[in-house]
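The same subunit A turns up in both complexes below, where it pairs with subunit B and then with subunit C.
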Partner chain A sequence: MADLTMPHVDAVIIGFGWTGAIMAKELTQAGLKVVALERGPNRDTYPQGAYPTSIDELTYNTRSKLFQDMSKSTLTIRHKPSDQAVPYRQLAAFLPGTGVGGAGLHWSGCHWRVTPEELKIRSHYEERYGKAFIPDEIPLQDWGVSYEELEPHFSFAEQVFGTSGQAYKVNGEIVGPGNPFDADRSTPFPLPPMKNPYSAELFKQAATEVGYHPFSIPAANASGVYTNPYGCQMAPCTFCGFCSGYACYNYSKASPNVNILPALRQVPNFELRAKCDVVLIETDSTGTKATGVIYVDEKGNRVTQPADLVILGAFAYNNAYMMLLSKIGTPYDPTTGEGTIGKNFCYQNENSIAAFFDGDKFTNPFVGAGGNGIACDDFNADHFDHGPLGFIGGAPMWVNQAGTKPIGGGPLPAGTPSWGSAWKKAVKDNYTHVVSMNAHGTNMPDRENYLDLDPDYTDYLGRPLLRLTFNWHDNDYKMANFMVDKMGAIAKAMNPKAMKVSAKKPGEPFDTRHYQTTHMGGGVIMGTDPTKSAVNRYLQSWDVSNLFVVGSSAFPQGLGYNPTGTVAALTYWSAKAIREQYLKNPGPLVPV
Partner chain B sequence: MPDTKWTPSRRAFLLATVATIPAVTLSGSLLPSGSKAFAADQAGYTPVFFTQSEWAFVNAFVDRLIPADAEGPGALELNVPVFIDLQMGLPYGYGKLWYMGGPFRTAAPSLGYQLPYAPRDIYRNGIAAAEQAIQQAYGKSFTDLDATTRDEVIAHMQKGKLAMAPVPSDMFFGQILQNTHEGYFSDPVHGGNLGMGAWKMIGFPGARADYTDWINQNGAQYPYGPVSIKDQGI
Partner chain C sequence: MQPIKIALAAFGFTLACSATFAQTAPDPTLVGQGQYLAEAGDCAACHTAPNGKAFAGGLPMASPIGTIYTSNITPDKSAGIGDWSYDDFQRLMRKGVTKQGYVVYPAMPYPSYARLTEPDLKAMYAYFMLGVQPVDQANRANGIPWPLSMRWPLHIWRWFYAPTAKPFVAAAGQGAEIARGAYLVEGLGHCGACHTPRRITLQETALSDADGPSYLSGGAPVDGWPAPSLRNENGGGLAGWSEDDIVAFMKTGRNKHSASFGAMNDVVVDSLQYLSDSDLRSIAAYLKSLPPKNTAAQPYAYDDTATKALLSGDASTRGAQAYVDRCAACHGSDGKGYEGVFPALAGNPILQTDDAVSAIHIILSGGRLPGTKTAPSYFVMGPYADVMTDQNIADVVSYIETSWGNQGKPVTTGQVAAIRKTATPVNP
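For the complex of A and B:
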C-alpha cells in the first residue's frame, strides 16, 4: 500500500456505467486522453452472461452476483429527519450496480424519452393549474433544458442502444400506431417493436376496450439483428426471461459492454481501470477548480489521478455522495430549504395489479424480456386533467413481462397463506395463469426527502456512509390510489377470475424489504438558478466548472417512465456542450 | 459447485419409495411426521454445518413449510435441507453478502434486517432458542410434535409470538421460509429441487432461455418440460 500519482490526463471519469461509457466515447472522439475509473470488477457478456451458467436465479438475482458489494458499502435510511437512520443491509428495494457496465449490464431495457412537460414541470403546472396548485413542501423546479434541445440526443441514444419500438409522429407526420401522447421525433426507432407475449396482448385488448391508447414499450432489447453507429452488433432477443438482474447471454440487451465498449477498446487515448474506488474529487485551494481524483486501487494503494476535467457518473445518489465527500457545493438543509447537494432525492411510486385466470388459460410469465410489453400513457405526465385530483404527476401503465422466475415468485391471490399445502397449491394453480401489470409512477420531491452523510456508519475504507431520508407523502398516496383505480378498469376488462390490487395506503411507510425499482434520482439536480440547483443546464457544477455530474442525479423530480433514456440523452447533451463550448473556452458555460 | 455425488442413490431410493407408496399416503396428515418418512434416506447425506439435532429440526420444519401431498413434491423429497446445509458453507452463510457494520439498532420493520447475525448464526441461535421455547410450552422437542402441533408452533413463530432470543421467532421463521423457497425452486445444481420436481409441478422450463417460437401462444401451455444447468453438461 503506497501513495502513488499517475500521469496527468485530459479527463477522468468516475464510474463506468451508461453515463461513464457515453462520456468516454464522446470525449475520446474529441481527441482527449481519457481514463475511466470503475470501483467494481471487469465484466462482459463472457463470462457474466455466458449460457447456461447465467441462467441461474439463485446466483444472479437472489444472491446478487452482479449488484453492489454490500459487505463493503451501503447507505443508511430513515423515514424522516427526526429519526435515527439504519443501514440498508440486505439488497431488496433497489439493486445498485457495480463493475464495468454498471447497472447498465443488468438493467431491463425499457427505453423512454421524458415528456416535454416534465422538463418544465413547475412552469407547466403553474400555467395550467395556477401557482397555488403546487404545495410548499414540494420543491418543484424546471430542468432548464427543453425537449427540442434534447431531441437529437434522444434520437442518437436510441440508435446507439438499438431500440425496438413503434414511433407515432416523425417530423410532424403520423407514421404508425405508436404512443399518441408522444412528442414529435426526428427519427423512427432503429428496430421495429418487439413481439408481444400473451399477457401483453391481453392488456392491449383490454386497454383498447376501455378507451385507452396502448402501444409497444420502447425496448433496448433487439427485435432483430442490428449494428449501431459505433459498429457494435446486437442479435435478436430470444425472450429468455433472465433479463432484469442478469447480463444478456445473447448480445440482445443494450449495455455499455455490448454497445459502446467494443468500439472504445480500440482507442489508444482511452484507458479503463477496474477495481478503482474513487474516494474524493480533489479541488485546488480556491475550491473552484478540480485538480483530479484520488482512488484506492485493488492492492489498497492510494492513487492520485490528475486531470483537467472530471466527469462524475457514479449513478444517481452516488453522485451526491461523491459531492458530499469532496465538499463541493453546499449541502442541502431540510429545515431552511437552502443548499443544493442532496436536495430533491426522488424515487418511483409504483403500484400494481395482478389478474388471475383459470387453469386452461396459460400466460406463461417465464417468457419475457426486460423492456418488452404494452403500455398506455393516458394517465402519465399531464395527459389528463389534474385540476380536481389534487396531486402532481402521473404513471404509464403496462404489462412489462420481464420473466417471472420461481424463487422471486409470481403474485398469489389475496389471502393465500405463505406456507403449507395451501401455499403450494396456490403457486401451482397460479404461476402460469397470471397477468401482472404496473402503474410505474412519478415521485415528486419533498422538502424532507434528501441525502446527506451519516454520522455513525462507515464503509470498508472508513468513509461515512451516505444517509437517505425518504418517505412517501400525501401526493404519492393520492396518486397511487387514483392509478390503481384507472388500471383496475383494464384488469377488469380482461375478465379474470380474481384480482389482487397492491397500492400504497395512506401512512404506509417506505418499505425497503421489497423490490420496487432502481430508479432513484435527484441529489445533484440541474436548473437555472445556482441557489436552487447543483449543476447548470449542461450538468456542469455551479461551484467547480471543470466538473460535470451526469446521471439521474440531475432529475429535479422522479419520472413516470424509467430513467435511462433521459439519462443517456442528457449525457450526450452535456458531452456536446463540453466538446463544442467548454473545450474551446474552459470555464462556466452559464454565468453564475 | 457443491459435491452432490450422493444424489443418484437418493434419487433411486425416492423413486422406489414414491413408486410403492400411493400418493395420498405421502400427505403429511397421514404420517406422524414427514421427516421420519424420509429418515432412512438421510444416511446418504451427512450435514456439514448442522449438528444432528439441528438437522432433525430443519428437516421437520421445512417438511411442514412445503409438505408432500397429492399436489406435488414436498421440501424433503426435493432435498431442501441439503440445499440449506450447503448454503451455510458459502459466503452467503457467513453474512458476506450483507452490510454487517455496527452499531446495530432496532428500527421500523420496514427498514429491513438489523441484527448482527449471519445466516449461520441465525440458524445456530435460532434453532436452540426455538427448541428451548417449544420445550417450555409443550414439554417436547419440535421434532417430537405431531404435524398439527408443528403447524401451530410455526404459525406462532410467523407472528413473532414464540418468545425467543436473540433471534425473534418471526425473523427466524422468515429466514427458514426464504431458504426453503430457494432450495425448492433453484436450479438443481445448487443441491435442492431434486429432479427439477418443483419446476415440473408449476410448469417452469428452467434454463431453456429461448422462447423465440413461443412468445405468444394465445393462452396455450408451453409444450416442453424443464432443463437444468447441470443437464447442459456443466
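For the complex of A and C:
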C-alpha cells in the first residue's frame, strides 16, 4: 500500500453506470482525455450475462451477485431524526449496483421522459391549485430546466438505448396509439413497441373498458435488431424473464456495457479503471475548485488522480455521500431547513394489486421482460384534478411482467399461509393464473427525509456511512389509497375470482424488508437558487464550478415514472453545457 | 479514406522516383504507407504477443514440430532489427533468410511476401525503422526438440519449395481491380497461409490461383479452427456471398451470413478493418473471380422443414431439443440468426462441408465476434463445455449441419470428445 499520483487528465468520472458512461462518451468526443473510476469489478455480457449460467435466480437475485457488496459498505437507515439509524445489511427494499455498468447492467428497462409539469412542479401546483395547496413540510421546487430544453436529449437517449415504444405526438402531429398524455416529441421511438404478454393484453382491454388510456411502456429492451448512433448493436429480446437484477444474456437490454462501452473501447483518449473506490473529491485551498479525486485501488493504494474537471456519477444517494465526504456545499439541516447537500431525498411509492383467475386462464408469468408491458397515465403527474384530493403527485399504472421466478415467487391470495401444504397448494393453483399490476407512485420530498453522515457506523475504509432518514408521510398514504382504488377498477373489469390489494396503510412505516424500487432521488438537487439547490440547471455545483453532479440526485422530487430516461437526458443536457459553454470559458455557467 | 490517399500518393511517388531508392536509409516520408502495409500484412498478429509491446515478438505458435516463438521486429539495435539494412530486410521478407544467415520457419509467410513490390518493401522498411518504438526484449528460444530444432533443414525446404522471389505480375487479362486484389491476397495479406491446404512438408499447395484450384480452397485448423474456402464455390466457399458481403465481413467481422470467430478475429481486428474501402473491394472482386475447386457442390437453398417443425412445437429429436434449449434464442427457430448480431446457421459456409470441427469447437469453447472501428459491438457466445455432454453436442451439431438445407454431415460423440480435450473457454 502506498500513496501514488497518476498523470493528470482533463476529466475524471466517478462511477461507471449510465451517467458515467454517457459523460465518458460525450467528453471523449469533445477531445478530452478521460478516466472513469468504478468502485466495483469489470463486468460485461460475457461472463456475467452468459447463457445459460446467468439464468440462475439463487446466484444472481437471492445472493445478490451483481449488487453492491454490503459487507464492505452500506448506508444506515432510520425513520425519523430522533431515531437511532442501523445499517442496511440485507438487500431487499432497493438493490444498488456496483461494477462496470452500475445498476444499468441489471436494471429493467422502463424508459420514460419526465412530464413537462413535473419539471416546474412548484409553479405548476401554485398556479393550478393555489399557494396554500403545498404544505410547508413538502419543500417542492422547480428544476430550472424545461421539457423543451431537454427534448432533444430525451430523443437522443432513446436512440442510444434503442428504445421500443409507440409515440403519440411527433412534431405536433398525432402519429399513433401512444400515450395521449405525452408531451410532444421530435422523433418517434427508434424501435416499434414490444409484443404484449397475455396479462398485459388483459390489462389493456380492462383499462380501455373503464375509460382509461392504455399504451405500451417504452422499453429499453429491443423489439428488433438495432444499431445505435454509436454503432453499438442490440438483438431482439426473447422475453426470457431473467431481466431485472440480471445482466441480459442476449444483448437486448440497453446497458452502458452494451450500448456505450463498445464505442468507448475504440477511442484512445478513454481509460476505465475498475475496483477503484473514490474516497474524496479534492479541492484547493479556496474550496471552490476541485483538483481531482483520491481513490483506493484494488491493492489498497491511496491514489491521487489530478483532473481539470470532475464528474460525479456515483448514483443517486452516493452522489450526496461523496459531496458530504468531500465537504463540498452545506449539509442540509432538517431543523432549520437550511443547507442543500442531502436535502429532498425522495423515493418511489409503489402499491399493487394481484388479480387471481381460474385454472383455465393462463397468464404464464414466467415470460416477461423488464421494460415490457401496458401502462395508463390517467392518474400520473397532474393529468387529473388534485384539488379535492389533498395530495401532490401521481402514479402511472401498469402490468409490467418482468418474469416471476421460483424463489421470489408470485403473489398468492390473501390469507394464504406462508409455508406448509396449504402454501404449496396455493402456489400450484395460482402461479400461472395471476395478473400483477402496480401503481408506481411519486414520493414527494419531506423536510424530514434527508441524507447525512452517520455518527456511529463506518465502512471497510473507515469512512462514516451515509445515513438515510426516511419515512412515508401523509401525502404518500393518501396517494397510495387513491391509486389502488383507481387501479382496482381495472382489476375488477378483468373479472378475477379474487383480488389482493397491497397499499400503504396510514401510519405504516417504511419497511426495508420488501422491494420497493431502486429509484431514489434528491440529495444533490438542481434548481435556480443556490440557497435551495446544490447544483444549477446544468448540474454544475454552485460551490465548485469544475464539478458536475449527474444522476437522479438532481431530482427535487420523486417521479411516477422510473428515473433513468430523465437521468440520461439530464446527463446529455449537462454534457452539452460542458462542451459548448464550460470548456470555452471554465467557470460558473449560472452566476451565483 | 485516409489510407487510400496515403497508399496512392506513395505509389505515385515511388514509381516516379525509384532511382532514389538505391541507398538503403529508411525514407521518413514512407512511414505512413508502410504502416498501412504492415496492417494489411497483419505483422502484429504474430509479432505482438497478447498484452505485449507492439512488434516485440514472443507469441507462441503451435506447429506440428513444436512451439515456435515469434521474433522481435522492432528497431531495437540488439534485440530487434534496428541494425538491419534495407537489403537484410528485403531478403528476409522475400526469401526467409535472416541477417544472421539462418532460414526462418515457414510460419513466416515469406513465400507470399516474395511477391511484394520494391516500393512497398521500402515503405515497410521505413515504417519498421522509423515508425515503431524500439523494444529491448530478447527473442525466446523455440520449443522444438532436437533434431527438429536444427535450422539447416529449413534451407533445404526453402530450396525445394519456396518460390523464386519475384515481384507480383498481374495475370493476363486481369483487370486493375482484380489485380490489386490478387496482389493483396497473394502477397501481403498472405491469406493462403491459413486458407490453402499445406503439404506434409508444410508448404502451401499453391501460392496463387495460377498454381491451381487448391489455392484458398480451405486449410488445416489454426488453433483448432479450420480455415474455410475463400473460392467462389458452393459447399463451404463464398459462392453465396456478394462482394458487398465480403467487404462487410472484412471490415466489421460480420455480415448477413456469418460472423468472425476463432483465428480469423485477429485478422479482422489487427488488419482488415484498416484497409481502405477500395482495397477491400479489390480483395472481394479477386476472391469472387476464383473458380470453384469443388465443382460438384450444389448451391445452398433454404429448406423450412426444420423451422416448421420447431414452430409447431415439435422438438422430438434429441438434436432439435438441444437446439431449442441452447441455441434457438439467438440463432432463431428458423436458423437465420439476426443480421449483423447473431450469425445465421442456415447457409453458414462452415456448415456446408464434411468438416464439423469449427461447429463442435465453437460450442465447446464459445466464440467471440470482435468489435471494430465501424462495428464496435463485440458479441460473445458463452462456452457450453460445462453444460453439454459429448452426446448433447454431437446431437445438436448433427442437427444444425443438416437442417435448413445445410449440406454438412452428422457427427459422432468421438469427434466431440477429441476436440473437447484441447478446447478452452473463450476469453472474457
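Criterion: the second predicted complex is superposed on the first by the 592 of 592 C-alpha atoms of A that agree within 3 Å, B and C clash if a C-alpha of one lies under 4 Å from a C-alpha of the other, contacts with A are read in each partner's own complex, and residues count from 1 in each chain.
The rule is short, and it goes like this: a contact is a pair of C-beta atoms (placed from the backbone, for glycine too) under 8 Å apart; a residue touches a chain by one contact, two chains touch by 3 or more.
Bear in mind that the values here come from a model prediction, so they are computed numbers and not experimental data.
In the superposed pair of complexes, A:N495 makes contact with neither subunit B nor subunit C.
Legend: residue contacts after superposition of the two complexes on their common chain; A:Y51 is shown touching both subunit B and subunit C. When both complexes are overlaid on chain A, the residue A:R265 reaches subunit C alone and has no touch with subunit B.
In the superposition on chain A, A:P87 contacts subunit B only, with no contact to subunit C. In the superposed model, A:N301 lies in contact with neither subunit B nor subunit C. When the two complexes are overlaid on their common chain A, residue A:T238 makes contact with subunit B and with subunit C alike. Counting residues of subunit A touched by each partner, subunit B versus subunit C, the larger count belongs to B. Legend: residue contacts after superposition of the two complexes on their common chain; A:P509 is shown touching subunit B, with no touch to subunit C. In the superposition on chain A, the residues of subunit A contacting both subunit B and subunit C are 51-53, 236, 238, 240, 249. Against subunit A, the residues of subunit B that register as touching in their complex are 27-28, 64-67, 69, 71-72, 92, 96-101, 103, 105, 107-114, 151, 154, 158, 177, 180-182, 185-187, 189-190, 198-199, 201-207, 209-212, 214-222, 229, 232, 234. If you check the complex, the residues on subunit C that touch subunit A are 326, 329-330, 338-342, 366, 368, 371-380, 382, 387, 426, 428. Of all residues in subunit A, only 51-53, 55-58, 62-64, 70-71, 73-74, 77-79, 84, 86-90, 92, 195-198, 201, 236, 238-242, 249, 360-364, 366-367, 405-407, 409, 418-421, 423-425, 427-428, 431-432, 456-459, 509-513 touch subunit B in the complex they form. Against subunit C, in their complex, subunit A makes its touches with residues 42, 44-47, 50-53, 225, 227, 230-236, 238, 240, 249-251, 258, 262-263, 265-266.
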